[in-house]
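Both complexes below contain chain A, partnered by chain B and then by chain C.
Presenting the complex of A and B:
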């Protein structure tokens, strides 16, 4: 159901998968990093009124065709999901939160792999499977939406 | 200290599965870093397992006082799968594929706690026998009770097989090693 999935540590993109090879996704992700940081700072500010166990940051911002959602782990790993407007209208906040939790759990399993070097590109088959399931679920929900074949993650590092 | 107290202490000293799994994982990853060839790593893991096995057998027999002398390999396989694996890894593999001569059998491991989270690295790493330590441990332990066996993995879920199958082959009885006064 998502058309773009990204995982970041600080500003480094360690995982990216998108339904089409388009640069605009990268642009959208970079733009959302600042908003994410802002929200995280507010959340962890002393005296903040939000429950700090809640790492779902909700809708970051909507652009013409997309809605961008964010989630941050206690260790400040950022997860970003981008949905198309047409498909996300049927999605509730709680649904998206569940998607993020699945992604987070997959990330935890992936990091626990002794052969994975932390802070490097995620190249795990199991993680790919979870991401694929996040991306294709929309087919069953809205048949009008066509999804191109899954693309592989590319190595991109932002500074 | 009474006997029940000792038992309680043993239970309290348990570590979580994650710590155990991650410790073994970090350990294998480090060996893989230190040696250039995967074959060499497999050999080292086997050696480490062997050293564990020759020590562990005494502990095993002390903890399971009801285990007596085995009369044939089937009995040995039973003890190994139902008590040995149960005591130390918390799983009980099934025993299958007996050879017609009855000197070789397979242990099918399901839900191996060592391999949770693990995905073998690309390339050379695909040849890594991640669980080789178990083979070494079985070989070492059985050698201490005068059985020489050969032990290897024929299938490994980490390598994409459907099951994890461990083949144990009986080679010979080590008569020379029998202590004086036995038999």
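Presenting the complex of A and C:
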């Protein structure tokens, strides 16, 4: 159901998986970095609501066909999920939070692998599996398509 | 701390390179450890908050006690003093080894710990430089933030 999953450290994309090869996703991800940074700054600045017990930052913004959700770990790793409008209408906030938590746990497990070099591409098989399960869940229609598309991972840096 | 023991036995005469190795191992451990542990306490922090978190909660996880003293000049320099540093407890208590040997041992344990602290803080978003010295009854860690790095 999620049609795009991305993990970023600062502005570097360390993991990207999309259901289709559209460049639009990259554009959406980069547009949401600023929003995420903004929200985190709001939370960390003095006097801000710093006691929030949540890394889940909610709906970042809706565009015509997609809804974009964000999550930032306390170590400032950004997770972005993009859903199609049609499939996401049934989703509740708590569901999405659970998805993010699973993704975060998978990321932690991946980073704890001593053979993984920090700040490089995530290539863990187990992480792939979690992402696959996120993408096919509840939506068996697109699952075959999701599985057949190769993982695209590129290193981009915004200026 | 078998890894420290290994370097003591392994690299007989080159203490600098083994210190460097241990510091790098510590960095890596701190990096993934902070990722894992910080998930448990959901909250975003600023610089001072992060240091406090390190001194209170993480220090308990690492060394089973809180730090004894934390001082700062509010310009990016923090001094952490731990009067009973756990990794050195054994060697500080039983000083029956040759003085030369224990110094080497201390230096390697300290190198590992500084790497650990550096890894934790760097991953929490505050790149820094950590130095340490053995005070009379404990260890002093001095942390300098690289405020120039984003």
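In the analysis below, the second predicted complex is superposed on the first by the 136 of 159 C-alpha atoms of A that agree within 3 Å, B and C clash if a C-alpha of one lies under 4 Å from a C-alpha of the other, contacts with A are read in each partner's own complex, and residues count from 1 in each chain.
Following the convention adopted for this analysis, a residue touches a chain if its C-beta (ideal position, glycine included) is under 8 Å from a C-beta of that chain, and two chains touch if they have at least 3 such contacts.
On a predicted model such as this, the values are computed, not experimentally measured, just so you know.
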Fit or clash between chain C and chain B when superposed on chain A: fit
Chain B versus chain C as contact partner of A:100, first or second or both or neither: neither
Chain A-centred angle between chain C and chain B, computed on Cα centres after superposition, in steps of 10 °: 50
Touched partner set for A:43, first chain B, second chain C, both or neither: second
Most chain A residues touched (candidates chain B, chain C): C
Touched partner set for A:126, first chain B, second chain C, both or neither: first
Touched partner set for A:55, first chain B, second chain C, both or neither: second
Partner chain(s) touched by A:118 [first = chain B, second = chain C, both, neither]: second
Shortest span in Å between Cα atoms of chain B and of chain C, once chain A is used as the common reference: 6
Contact residues of chain A, present in both the chain B and the chain C interface: 112, 114
Contact set on chain C toward chain A in their complex: 28, 31-32, 34-36, 38-39, 41-46, 49, 123-125, 150
For the chain A and chain C complex, residues of the former touching the latter: 10, 40, 43-46, 50-55, 72-77, 104-105, 107-108, 111-112, 114, 118
Residue ranges of chain A touching chain B (in the complex, touch as defined): 109-110, 112-116, 123-126
Residue numbers on chain B that touch chain A, as the complex places them: 18, 21-22, 24-26, 28-29, 32, 116-122, 125
